[in-house]
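Common to both upcoming complexes is chain A, partnered first by chain B, then by chain C.
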Partner chain A sequence: MAHVVKSSKFGAFGRPVLAWVVGLLFFFPIFWMVLTSFKTDADAVKPEYLLFFKPTLENYLNMTQNYDYWRFASNSVITSVFATIFTLFVGIPAAYAMAFNPSRATKDILIWMLSTKMLPAAAVLYPMTFLTKSMGLYDTHFLIIIVLSLINLPIVVWMLFTYFKEIPKDIIEASQMDGANTWGEIKEILIPLAWGGIVSTALLCFIFCWNEAYWTVRLTTTDAATLSKLIEGNRAPEGLFFGRLSAVSTAAVGPIVVLGWFCQKQLVKGLTFGAVK
Partner chain B sequence: MGRIVLDKVSKSFDKIQVIPPLDLTIEDGEFTVFVGPSGCGKSTLLRMIAGLEDLSAGTIFVDNEDVTQISPAKRGLAMVFQSYALYPHMTVRKNIAFPLRMKKMDQFEIDKRVEAAAKSLNLSDYLERKPGQLSGGQRQRVAIGRAIVRDPLAFLFDEPLSNLDAALRVGMRLEIAEMHKRMNTTMIYVTHDQVEAMTMADKIVVLRAGIIEQIGSPLNLYHKPKNTFVAGFIGSPKMNIFSGPAAEKFNAYYVGIRPEHTTVSMTEGTWKGRVGVAEHLGSDTFIHVHDTGLQDVITVRIHGDISVKNGDAIFLTPQIEQVHKFDAQGLRIE
Partner chain C sequence: MSNRVLPRLLQTPAVLLLLVWMVVPLGMTLYFSSIRYVLNSLRRPEWTSPSLSNWRGFGNYEYVLNSKDFLFAIQNSLFIVCSILFLTVVLGVMIAVLINKSFPGQGIVRVLLISPFFVMPAVNAVLWINMILDPVLGLQGIAVAGINNILELLRNWPILGGFFSLWPEFEPMSFRATQTSAIAVITMVSWQWTPFAVLIFMTSLQSEDQQQKEAAILDGASAWSQFRFLTLPHLARPIAIVVMIQAIFHLSLYAEIEIVSRGNGNKNLPYLIGEFSNNNIGAASATGIFAVILANIVAIFLLRMVGKALMD
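Take a look at the complex of A and B:
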């Protein structure tokens, strides 16, 4: 890396090239997946049809006609949207309290929250499965919303906390002096001032919820099954059908890629926040 | 009405007591200034009155009502912050209207009051601007507008002028003083600038390390400082305070003499010294005199202009009736 920084000639020419290489490297699997999704299962494994083949929509038609893609998709939308709303609903007041009325325990609580992310999910798989089944929550939207909310809450609180910390305390205090109650402070001052941060947090949370596969696959069968489950289900017992699998995967990541594309600016801001002061 | 009483109020942060138990009464309509060096607890005290800081012990009364446990929103006090603390996402109009909107006042009345406040503060042309598009002085006016619009029981000012440049500061100082005369509402004003304290206050509270050193009118503090700290803090340039044999001649441990209470002669006087730096202000001349044997430098203030050069021999004579005497503990001897 050292000579990359030193040589300005390389910097002007080499860096964009490097960026393109890295970019293409990351993009290639997605490109390949999309390409494969337009091949028949038979063509997909034939080397002679690597790049040139007769495109077909067969896989997509099959997916919507036989697999009920729209039900999985609507489940993904429902669980991700409501989980994101619920997470923010809990996360905003929590982060507000810690940012503006910290106690001696605030730092420890933040670390403790983050530490829950270190718990291997597999460790609680059995308790979770039995508990949810005995409570009658297994394979319900409610359960998936709660689970998605809980696993994302630590990250959301952390992100919101850092955003809220940027707001001068004086402004919050001024609103208290001006007669605003706690809800007034949050609604009139905090949310408008941290709007950018809240939006990027919400986006990130939504993406995490959408992509979540461990719990959504294991805690659902049909009613609340999301797109992750659909992909998982196409890892068919009869063998791998690459065309079909690619079509399902493309349809599953498609919405989030489009969303991400439109919100690039917010996302980058959200992800690099606090990294450079 | 706006009579504020602090009864044995104290504050500790993590076992460190920043304000030992303290009693203070601020009468209705009084302009009280808390003054002291930075870190003396004056802002903490103000924030405790505002309700932004919890009390460790004691009680605060506003108009005989115990407000100790009442939230800042419900105490009926308005505050102007050092940083102005305007709401950056709202226009000037919305900033000023905010406290009224929180009171759920009807829109017609809000508009009327905002217009009136803006007019009195020369902000009428800026009502649709955001705080980011205003100068420091205008922002300060908006902050004041936001405070006056709701007719509070008392105003709390936390070093409101320290972010302004010198010329603007003098103008705003006058405006706040005039505003007080006009409204006759209780005001508590925190500053570290003794000039602000002297020019604005009805009553000055001098604080050091959370302890009230003296309470009194500006002239009372100037003429009769209770101890060497107040003597040195109030007045500009600072009072000259010295001890040793020269002080013993006055039957005191410490002797203080203000720069303006010393007469100067080039030929004769009580103390002989050598001119260091002379600061010519036109109306006055400050001469820093060395080698008097009293203390390192003695400052003298001469009315008008005087031509002295660095190194000139100079004689100083104190005006005996203006000499302040203090004992070994630094307390005033009458």
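Take a look at the complex of A and C:
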């Protein structure tokens, strides 16, 4: 009995308090970044203005002037959106084939796709630079879109596969009886039925594209450079510009963090390939 | 059935794209790794373009194996990955068990906790190394200075002052230094990935058998033995999956290492490849092949461990 009483006491008061403390601790760096973004560069490094200061929007207003934020942001949006669309365009038919017309090789193909993610990107750094430069694709939106798509294709196929598998096969077979062709089946039956799953796959893919920081940095210089490149290029080590650095960082991660809040539940499914329920 | 052919063909674009994406650059890496190939050489200009006549066999591999950074880079890669895995899994299990039961504001705490996972790596690194860990301007510097100021005041106390004057001045730590930059990277990546572990463990905990738990409580099982013999075995599979996914991501860590110290004292294999790529493509490619081999060893090991779980 003693244990039950003790644990319920902890449960009533200690657990919520501890949980809140942990939650706030983990969120603190983000909170700090947002807070600092409203300080001037001079105030941001003064201990006396740690928490109480005169908030200013100056950093956000000067973002275009200081960092050319909008060019990088629009590159991020363009590459992430088109990469997501292209990945779904290739991934949906593949996942459809694997979920509803599996062959003996399907299992191996899926595992193989996953294993391509394990190849260290750095191993092919120079060949990629060499190839893209010689084909004239270096630093173009097209290249970044293709690379982002290929990086995320395995995860997207896996995710869609787990969603599609939940659709009863009878429905698909019934439509085959009615004489629907394959395209009709995908368009009229599969996509409407799996719409929720497809949307969360797309959101997750978009988030990964947005946050990608290896190829987007290494295969671009200016024209197709994304926000990752902007931040990595401006890590002022002397830290004299905490205010403006925070503002541009907040603007770079803000939309994605909010988007992430909405698809946190799907994230589990997507990243564990349906193996954790 | 012939109407099955078209549906099956639908996976070919995806498979072909990935195959090309994997085979072509990797083949080139393999080729470059066995020839002499540098970007700039005044003495040997013939080495500046890839050609079979510059064949070097396993020479580049030997060169890389004997270079002073190579073994360190492998050790450091494994050290960073293992530390992050240990921290995120232990913290993840603890936090997931903590917030699994409902309490006021559970939803908000969940949202607060998961947020770091969506921060882009470059921002994560810039934020931590500058605004939090910087020894002078960051929160660390400000906190250490604050403690020293308080100590200074305490030393002037009439009687107890003598006790506090025995205390040393605290020194802030620089996380860009040779010995500490790995710690900075481990800290920031663990901050980002613990939420991921929590999220997955929490999802798994929701499907834990409650009746079994109640029976255990009636039998007088302590909270610890419930955790040890019921919860932990239930979490075995999600833990395996968290380990696998993180190993994939962290073996190719780059942005954080670059931003924290430009690899000073803290190179991993991808970083070493990046450094070689500035001039010695042959060595960079050989290192790349070593990185592929290392990743494959880890991958085979991990896929064995969780492959079955994935296909169930």
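The definition used in the following text is that the second predicted complex is superposed on the first by the 234 of 277 C-alpha atoms of A that agree within 3 Å, B and C clash if a C-alpha of one lies under 4 Å from a C-alpha of the other, contacts with A are read in each partner's own complex, and residues count from 1 in each chain.
To be clear about the criterion, a contact is a pair of C-beta atoms (placed from the backbone, for glycine too) under 8 Å apart; a residue touches a chain by one contact, two chains touch by 3 or more.
The shown structure was predicted, so the numbers you read here are calculated from the model rather than taken from an experiment.
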Look at A:Val199 in the shared chain and tell me whether it touches chain B only, chain C only, both, or neither; answer first, second, both or neither. neither
Check the residue A:Tyr214 against both partner chains and state whether it touches chain B (first), chain C (second), both, or neither. second
Give one of first, second, both or neither to describe whether A:Leu24 is in contact with chain B, with chain C, with both, or with none. second
Scan A:Val77 for contacts with chain B and chain C and give back first, second, both or neither. neither
Which partner chains sit in contact with A:Pro168 here, chain B, chain C, both or neither? Use first/second/both/neither. first
Is A:Val34 contacted by the first partner chain B, the second partner chain C, both or neither? neither
May I ask you to decide whether A:Gln176 touches chain B, chain C, both, or neither, giving the answer as first, second, both or neither? both
Quick one: name whichever of chain B and chain C touches more residues of chain A. C
Looking at the overlay, what does A:Ile189 touch: chain B (first), chain C (second), both, or neither? first
Which chain A residues contact chain B in one complex and chain C in the other? 176
Give every residue of chain C touching chain A within the complex, in rising order. 3-4, 6-11, 13-15, 17-18, 21-22, 24-26, 28-29, 32, 95, 98-99, 101, 103-106, 108-123, 125-132, 134, 137-139, 142, 145-146, 176, 191, 194-196, 199-200, 203-204, 207, 217, 220, 222-223, 237-238, 241, 245, 248, 251-252, 254-255, 258-259, 269-271, 273-274, 277, 281, 284-285, 287-289, 291-292, 294-296, 298-299, 303, 306-307, 309-312
Quick check: in the complex, which residue numbers of chain A touch chain B? 168, 170-171, 173-181, 184, 188-189, 192-193
Considering the complex alone, what residue numbers of chain B touch chain A? 50-52, 71-74, 77-79, 81-83, 85-89, 98-99, 102-103, 146, 150
Complex contacts: residues of chain A adjacent to chain C: 3-4, 7, 11, 15-16, 18-20, 22-24, 26-27, 29-30, 32-33, 36, 45, 47, 50, 90-91, 93-94, 96-98, 100-101, 103, 107, 109, 111, 113-131, 150, 153-154, 157, 176, 182, 207, 210-211, 213-214, 217, 227-228, 231-232, 234-237, 239, 242, 245-246, 249, 252-253, 256-257, 259-261, 264-265, 267-268, 271-277
